[in-house]
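Can you read through this structure? Questions will come right after.
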Amino acid sequence: MGRRQFALLGLALLSPPRTAPAQAEPIAIFAAASLKDAFTEAGAVVAQRRPGFEVRFNFAGSQQLALQIDQGAEADLFAAADDRSMRTLGEKGLLADPAVIFARNRLVVIVPAANPGRVDRLSDLAKTGLKLVLAAAAVPVGRYSREALDRMAGADEFGPDFAARVLRNVVSQEDNVKAVVAKVQLGEADAGIVYVSDVTAPVRRVVRQLAIPDPYNPIATYPVAVLARSTHKPAARAFVDFLLSAEGQQLLERHGLLPAAP
Amino acid sequence: MLTATLAKRIGGVALAATFEVEAGSTLVLVGESGAGKTTLLRCLAGLVSPDEGRIVLDGRVWFDGTAGVSLPAWRREVGYLAQDYALFPHLSVQANVGFGLRAQGLDRRSVRSRVDATLERVGLSDLASRRPDQLSGGQQQRAALARALVLEPRLLLLDEPLSALDLQTRRAVRGELRRTLAGLPCATVYVTHNPVEAIVFGARIAVLEAGRISQVGAPDELLRRPRSPYVAEFMGVNLFRGTVAERDASGLARVRTPFGSVVAVDPGEPGDVLVALNPREVTLHLAPPAGSAQNVFSGRIVELVAEPPFGERVRVALDSTPPLVAEVTRHAVESLGLREGLEVHAAFKATGLVPYR
Amino acid sequence: MTWRVLLARLATALAITLCLGLIGLPLVALLLRVPAATLLVRLADPLVLAAIRLSLVTSLAAAGLIVLLGTPVAWLLATRDFRGKRVMEAVIDLPMVLPPTAAGVGLLLAFGRTGLAGRALASLGISLPFSTAAVVMAEAFVALPFFVGAAAAGFREVEPRYLDAAATLRASPGTTFFRVMLPLALPSVIAGATMSWARALGEFGATITFAGNLPGVTQTMPLAVYIALETDLDAAVALSVLLVVLSLTVLVAVRALPLGPAGLRRAHRDAR
């Protein structure tokens, strides 16, 4: 190829692509890791209904996403697993509309199917030498887990030092809930505390669940908000509307989440 | 006493040699580069294994192809002086010389005393703590030799030990080295491509041509009876190969060579013979000489080479048939006005030429 | 000066500027963000101290393990030819191209409780995941090729004539290695050890996947920075600066000291 042709090719490659048709609405949704399966399906449904709707997801720990948005990451919608991350953004005026609770979640204890730690009851979590994996305290589910333990410690059946004894068994503080699930799935951890919604079909095949009764189970509330800097607010709002609709709530329930209203 | 038979194919050379070296004597090994000299040395040292053969030193079997014995170098009591000395750059002269003793596990104090004594003997005591790069060529050679000799090897191998030195240093070191080697109890193999060194150092000279020993003997023997053109060239002697043709009553015979006939002493029997002619026996004349010389050839002077050290004697190469080399005095060159291209006549007597087979 | 030469010079200058900018700007940004006073306050935080101590202990242990295990391998690759040598070299280099998190998963599947070798270890009562030993293993895994590569190159450069000389001086292969080959290759060996230590110090993905994240046990500096980033940006910056200062100090020191690679190279060069 001659030098001239090379230059022309280079120019052709460097010039910006032609703009997409005017109706295209690509939006970026930052959502808590526990919402991965539910949101992926929801995104597909909305895309079917709304021509030009394209969505790009970023799933991670809510605290991490809040930080990224704060530092200027381009996002149109933020769905968190707790109020705290959302509140910080609200205080900084980064929300377009006030946040709305669209779902709730509960905690559950999971153990590998083989149950190497022989955890059959919640009180077994305090057994010495147990390998327990929790999310780090900065992660919403990590905070909720510790709250649940505190509630249990307040009950006679577990004893006042229950939370302390259980926390002593923590061998790793993961930075998102999916990592906790992974460690239990792989059989490395004896037990982990995750959301009910995290026990999806493939996970169910290799783990056993221990329910945490209502009195001890903090209900996680999931707020969602359109972000002030978004340039596709209509599309983002459309997604929120879907989440809050009856159909959307059913979809969320199918993925293990609880409806927005108790 | 070293007895060696070995064969090795390496590169393009097929080395196959058998020889012996008595304890206390030196065998000089000469040959062109690529003839296999270094390979042979490395086989003796144990740095490389022959394809087959047997190497025995003082009754110890160092290598036996059929018996599967092959002692690595570090298990042989060998001393090796490489062409570039290979003094360890990260060690002082002292540490270099003591290296082998330390490798054998000798304690520091004994090593120290033996090294000091050796350095004293070779005159390097003042340089004991210097690094090799701070020594002159001659000093490095002495240090490397001391390093090998302090281990009292049974076989000493020297690979062109003087070739890395400049001419002046070489002459100075040569005498010293000869004296050192003469006093050693071990068998020594000395590799060189320099004929003067060969004669100075060797009780016997072995000539390696294309991997094979073409001739081995005392320097005198090689001088008077070279067996191949290379040996003749190396020793600086004219060699004719031919067949005995006419034999006459006066005890002389004509030897027919591809290049012409030479009159020599009658060998007594017909057949193929070799005739060696020392260049000093050849006289040069501007006109065809009268006189009793039976052999006269004419030709143009191709080259005039003054012999070191002072050019008192000059070698004159002629393009006669057969080609001849004569050795004359500088005075003769001047008085005859010899120069390249000049047509001259060379003459030599038959009585000094004794054919051999 | 022709315009072509000028153009070449400009292009070179631009490349250098971009290169230094890419590396330098983040460093400068980090240093500007944290005032020196708060840095010392942060150092007093027990969590920070634990992370520093853990990082130093594990990275040095990993480097030690690497040198111990890697030297014979480097020697083999440098001095011997054998069937499968290329495969062996590729395997040793693998951790350099493998994403660290993938390496962590691999380590889990191999040495985890239900892993290939982990099962045997568990029956012996040894459990690696979530332990400090696992951190050392993860760090050693990712950093090994840096050492082996440099050390093997150093050994290869040692001229055979010195090794031959040693052999003729009654030195067994072991003696030859320790008295001749290693000293002559020392600059490269030290450089390799330093590089692998630096890589071990900065290791994150394999550590958090295989060893987990627990302050005082497995939370090394890089992990601490990552976790801190999610809640306290200033803490993360402070920790990052500490890491940078620590690494820079060692890297500069190794280059400046006479026993370091540059010093030894100078000494050897003068000795030629």
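Order as written gives the chain letters A, B and C; numbering starts at 1 within each chain.
By our rule, a residue touches a chain if its C-beta (ideal position, glycine included) is under 8 Å from a C-beta of that chain, and two chains touch if they have at least 3 such contacts.
The structure displayed is predicted, hence computed values, not measured ones.
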Once you've mapped the touching chain pairs, tell me: line, ring, star, complete or other?
line
Taking the mean of each chain's Cα atoms, which chain ends up nearest the overall Cα mean?
C
Rounded Å distance, chain A centre to chain C centre (Cα mean):
35
Taking each chain's centre as the mean position of its Cα atoms, how many Å separate chain B from chain C?
55
With chain centres defined as C-alpha means, what is the inter-centre distance between chain A and chain B in Å?
88
Multi-chain contact sites of chain C, meaning residues that touch two or more partners
none
In their complex, what parts of chain A are in touch with chain C?
61, 63-64, 67, 116, 131, 133, 136, 138-139, 170-175, 183, 186-188
For a test of understanding, state which residues of chain C touch chain B in their complex under the given definition.
161-162, 164-173, 175-176, 179-180, 183-184, 268, 270-272
Parts of chain C lying in touch with chain A, wherever the complex brings them together:
108-109, 112-114, 129-130, 208, 211-215, 217-219, 226-227, 229-231, 233
Chain B residues within the chain C interface of the complex:
42, 45-47, 72-74, 78-80, 82, 84, 86-90, 99-100, 102-104, 131-133, 147-148, 151
